[in-house]
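Every chain is named by a letter (A, B, C and D) in the order it is written, and numbering of its residues begins at 1.
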Amino acid sequence: MFEKFRFLTSGESHGECLTAIIEGLPAGLNIDINFINSELKRRQNGYGRGERMKIESDTVKITSGVRFGKTLGSPLTLTIENKDWTSWQKIMNLAADEYNEEKAFYAYRPGHADYAGSIKYNHKDLRNVLERSSARKTAAEVAVGAVAKLLLKHYGITCSSNVLQIGNGKTEEEFHLEIDKARDAGDTLGGKIEVIFNNLPVGLGSYVHWDRALDGRIAQAVMSIPAIKSVSIGDGDLGAEISGRNFHDEIFIENGEIKRKTNHAGGLEGGMTNGEPLVVKAVMKPIPTLKSPLNTVDSQTMTETTSHFERSDTCAVEACAVVAESRIACVLANEIMLKFPSDYIE
Amino acid sequence: MFEKFRFLTSGESHGECLTAIIEGLPAGLNIDINFINSELKRRQNGYGRGERMKIESDTVKITSGVRFGKTLGSPLTLTIENKDWTSWQKIMNLAADEYNEEKAFYAYRPGHADYAGSIKYNHKDLRNVLERSSARKTAAEVAVGAVAKLLLKHYGITCSSNVLQIGNGKTEEEFHLEIDKARDAGDTLGGKIEVIFNNLPVGLGSYVHWDRALDGRIAQAVMSIPAIKSVSIGDGDLGAEISGRNFHDEIFIENGEIKRKTNHAGGLEGGMTNGEPLVVKAVMKPIPTLKSPLNTVDSQTMTETTSHFERSDTCAVEACAVVAESRIACVLANEIMLKFPSDYIE
Amino acid sequence: MFEKFRFLTSGESHGECLTAIIEGLPAGLNIDINFINSELKRRQNGYGRGERMKIESDTVKITSGVRFGKTLGSPLTLTIENKDWTSWQKIMNLAADEYNEEKAFYAYRPGHADYAGSIKYNHKDLRNVLERSSARKTAAEVAVGAVAKLLLKHYGITCSSNVLQIGNGKTEEEFHLEIDKARDAGDTLGGKIEVIFNNLPVGLGSYVHWDRALDGRIAQAVMSIPAIKSVSIGDGDLGAEISGRNFHDEIFIENGEIKRKTNHAGGLEGGMTNGEPLVVKAVMKPIPTLKSPLNTVDSQTMTETTSHFERSDTCAVEACAVVAESRIACVLANEIMLKFPSDYIE
Amino acid sequence: MFEKFRFLTSGESHGECLTAIIEGLPAGLNIDINFINSELKRRQNGYGRGERMKIESDTVKITSGVRFGKTLGSPLTLTIENKDWTSWQKIMNLAADEYNEEKAFYAYRPGHADYAGSIKYNHKDLRNVLERSSARKTAAEVAVGAVAKLLLKHYGITCSSNVLQIGNGKTEEEFHLEIDKARDAGDTLGGKIEVIFNNLPVGLGSYVHWDRALDGRIAQAVMSIPAIKSVSIGDGDLGAEISGRNFHDEIFIENGEIKRKTNHAGGLEGGMTNGEPLVVKAVMKPIPTLKSPLNTVDSQTMTETTSHFERSDTCAVEACAVVAESRIACVLANEIMLKFPSDYIE
């Protein structure tokens, strides 16, 4: 789905580093590393995060594609080192003759990739699944998304996000109370977020073929974030209750310009941007790693047990909003590059 | 996103025909045209549909890729003729010297592709947007999806769908009342649907790279259906309210087999099928073409007016469920072909 | 490899019709059906063609994507009917209960797809391979290429092709003699062609990632033409003999403009157009269907026999040049659409 | 074109490192780093190479996707450090405030990407083009190809390559004489190579749609190698001179098995492997960087001058053969993964 802004990411949760290569960028784009790092920092913040976030303090290193502060047009390489690599070097060793079972585990963690992943890839030690299925990999995606945002910024496009709900809480004060309560119970919480992009040109995406519809592309990018289980455009989740008369955003004229008074459509009509702010909402399920563990099965003995606990968060909804922003930024950067000539930026 | 099951569709709403080419099918698959036609019929049914559905009675014609009832391995061509073509031949004429403005219109229809589409493609006559952005094109997608279902059937995979809500109605009886009420008011209604696939093998999709996650691919396929504005996997829309302890589907043993007692995850963990039924929910917004029209702007005079009305439905949620089934079937057919050797079927 | 100019083609050699869908075209492009038909005619011409070419006289029908002579931005559907369909309707029947073995054959034709194709797709009747592997399918590609050429023409880009060699003949007169001689011997001939595109902008393609190099994309498009077995850019086939000093095209100034005196590079340096004419050469192998048949094996009896003869040509090099032009035009149309904003043409 | 074996490479010639990410590998594949390094070594060898090859002695580091000697199914990251990075750190600095013009140059080098690349990407300092258009980047491709070869080896598929011609030399002894002569004259040489793959299963590739034909995919992969200007399958370059009777590989039976006595087709019929060895030939043009420089133009003054000389080789045909092997291995690895179920290897 990425015709122009192409990228691959790699890296295990406790491996040496995360890496991303972005291919297709125009030459001449200013790359502000501080901005990328500040985005990585945003991903690590949020009430409810566990200890690992303090260890991490992710920073990016660029090893290709940039010279004297500007992109060259060639692929960009972004690396985020694992600060804790020395403690994990033995466990995550690459060498065949360094095999060991330290930190191996065999009880499927419900809500995680363990069960399906171990069958798909024929893994016995479920750590082989955990290491890549971990949300840790989204750090690389946030770095990629930060580059996408730099491109969008060049076109005046900005973004932000909000947490709309955590547990039954609807305000920041309630979020903290909900999270404290869940943490004390050894439980976890999900939440609902909203991402907004402003100043998008009219006509990104298309209605002519289903795989070019922008709403679909955004939905893929957001739904594939680990833990996201629901995505809506604008007030799409209310589309069953509200009738046509009240749902659709009527069009008016103001000072000779097209004007809407509502934005239920979330800025997308016919799979295209319509000039209104793009509004994407998503629901994150509660983190599946619980301190007070869930019932499950041991894959080796095929007996019932409780699930493996690896240091985790109580709630990561704020981080998830940053990832969603980043993913959508990648989709939009691609669309912008399809719309405008994009070999270089002056 | 379709590595194996590739297709393109074409056709205007009032053009001569809709066409689809499917490339990548295995040889030896039984093609039951009656089944494809029955799927087309399902798309035309449903309480709340307008007059056009009666005219259409879509049937498919296959002109390549099949011989003596079985696929050849070569591309399949599916054509659905427009039964009303003679009345539209002049209006939709291909010849440059047959230009005429009959049926041209200029007032943007809110909720449709008209505004963004006319800017994107530089169309003055908004019919040039309407004709392809119409939901009519989903008939070709249902035909393609029917072929995908025939492939899935070979692997024992079945599907069904339900309407969960229309307006404020939650039962079939209430649906009819809601629709009648809306029709009488010149208004329209959306609704909420659920699509279920059974007997999927464990491990379709993947967690290793975001664009291979099955939840994301399904979300793209469903969200890009015209009028769909919200997509959830399983009980994903409730992920903010329910805590981790209650959301995640614990794992048990029954007769030596892995067993779940709940399926909040909707059959997907870590972006992969986990052996439970795949459950996808989606919300369709109300149809944007209202008999009692919405306020809008005339693109030529740039003055306020009311929107163009073209014969339409009051509610098309049942049809939408069939389209969603079809789209998801395409995604799954592709995944099945990636998993199993797929040059031919014995 | 086609980010913008996407297409699929379909159709069996003796099926009802060939079809192509092109997706991604800008709106507003003039579609001249006479030009498409003249291209189809060019493909059927050439000294050495057999009887079928006289039956065919291909013409295209467009059933979507065009209105009043201009593209709508929606997918274009092109259909070429098989004029001889009534004679083949029984043999190529779609219905399972119409199975018959008339025209079935089982002896692999050397040089054709029969052997590998029958194993890949599990076909017993080799007609199931022949029908799609036939060069007949290139008619649809020529129609698609004609549309690509119309797009290129809008940007002032033109093309032509020449036959450089047939057998040992190097001039048109010698071509005819060579072909006559081969026909009389029940033999066939290949040849060498050259395709030239003029007025391409500088910088199509790229050196930054191997799959964006234009020379590679052109090579794929040309080498995958049935019977083409060798592709060169410019004087590339002489690159071993000529030293660097004599091979590379030095750069001069003339009237303040960059000027080359030679074009050994064939207009491509670093995988990009360099402002000189694009020159692509290709070698077509001799047609593998010989009147005086080759030794082979019967797939059912696994005994030695001679190969099946289906009405064929002695030499189709001129047709092949038209197909090569068409394929390259598709590649270039895609590149042009990546370079210039391409939602519509004014 | 890579549905399964996906990869991106990055890195400037004198940047900190080259990087590649490979996505889509099965789990359980043995990764032998020594083999990858030996392939990198092969690329650096060959009579006629300059000084840089001695500095380089490339070795690969893997930072993801492998644990205890086997692939995890997650993306593999390969890094090749630039041993000379400290000398180039200032020149290739990423920081905007470290701008300097040391090693900048402005005279287009004929035969290189300089002219087209500087226009495409709006670069003034042609080093910005040189750094990525350099053949240095093929080291990363050889590392990727080595992984592809490890996958192919699992299926019993092996490969080798030969230099067929350098200048007018046809034997190794003559190659050395030709190279010595060219070096003394400040000139450079190209050559002709041959790559052979054995034990490929029948039916890789396809005839059903042009972009799935294996000959086309191979041609793209080989023609996009910097300096390759001509690609042939088998004896394809002789297809004009040899008649059908003598070109096509007749089929016989030997001990109940299909047997060919010739392989003019180079193992590909109808765009598919036919069980015979795959033979690909390619012509490399002479290296365009000459010690005794070519005439050219200075892009800043627009006056005639001679071209920039950067330390270079006289002949790199042997290295080119290794790159061609690597690229074709990637194409074949992808096809193998499409043919066989490929989530894991036992």
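By definition in this document, a residue touches a chain if its C-beta (ideal position, glycine included) is under 8 Å from a C-beta of that chain, and two chains touch if they have at least 3 such contacts.
Keep in mind that what you see is a predicted model, and the values were worked out from it rather than measured.
K.L.:
A-B versus B-C: which interface comes out with more C-beta contact pairs?
P.N.:
Looking at contacts between chains, A-B has the larger number.
K.L.:
Hey, which chain ends up farthest from chain C, C-alpha centres compared?
P.N.:
Centre of mass proxy via C-alpha means gives A as farthest from chain C.
K.L.:
How many angstrom lie between the centres of chain A and chain B, each centre taken as the mean Cα position?
P.N.:
Distance between chain centres: 26 Å.
K.L.:
If you average the CA atoms of chain B and of chain C, how far apart do the two points sit, in angstrom?
P.N.:
Each chain's C-alpha centroid was found; their separation is 35 Å.
K.L.:
Taking each residue of chain C in turn, which ones touch at least two of the other chains?
P.N.:
Within chain C, residues 8-9, 23, 73-75, 120-121, 132, 203, 206, 208-209, 343 contact more than one other chain.
K.L.:
Quick check: in the complex, which residue numbers of chain C touch chain A?
P.N.:
3-4, 23-24, 73-75, 203, 206, 208-209, 338-341, 343
K.L.:
Using the touch rule from the top, collect the residues of chain A that touch chain D in their complex.
P.N.:
Listed in rising order, the residues are 6-12, 15-21, 23, 26-28, 30-31, 33, 62-70, 72-77, 92-99, 120-123, 128, 131-132, 343-344, 346.
K.L.:
Mind listing the chain A positions that touch chain B in their complex?
P.N.:
1, 8-9, 108, 110-117, 119-121, 129, 132-133, 141, 165-168, 182, 185, 187-192, 202-203, 206-211, 213, 215-226, 228-245, 247-253, 256, 258, 265-266, 269-275, 283-288, 290, 292, 294-297, 302-304, 327
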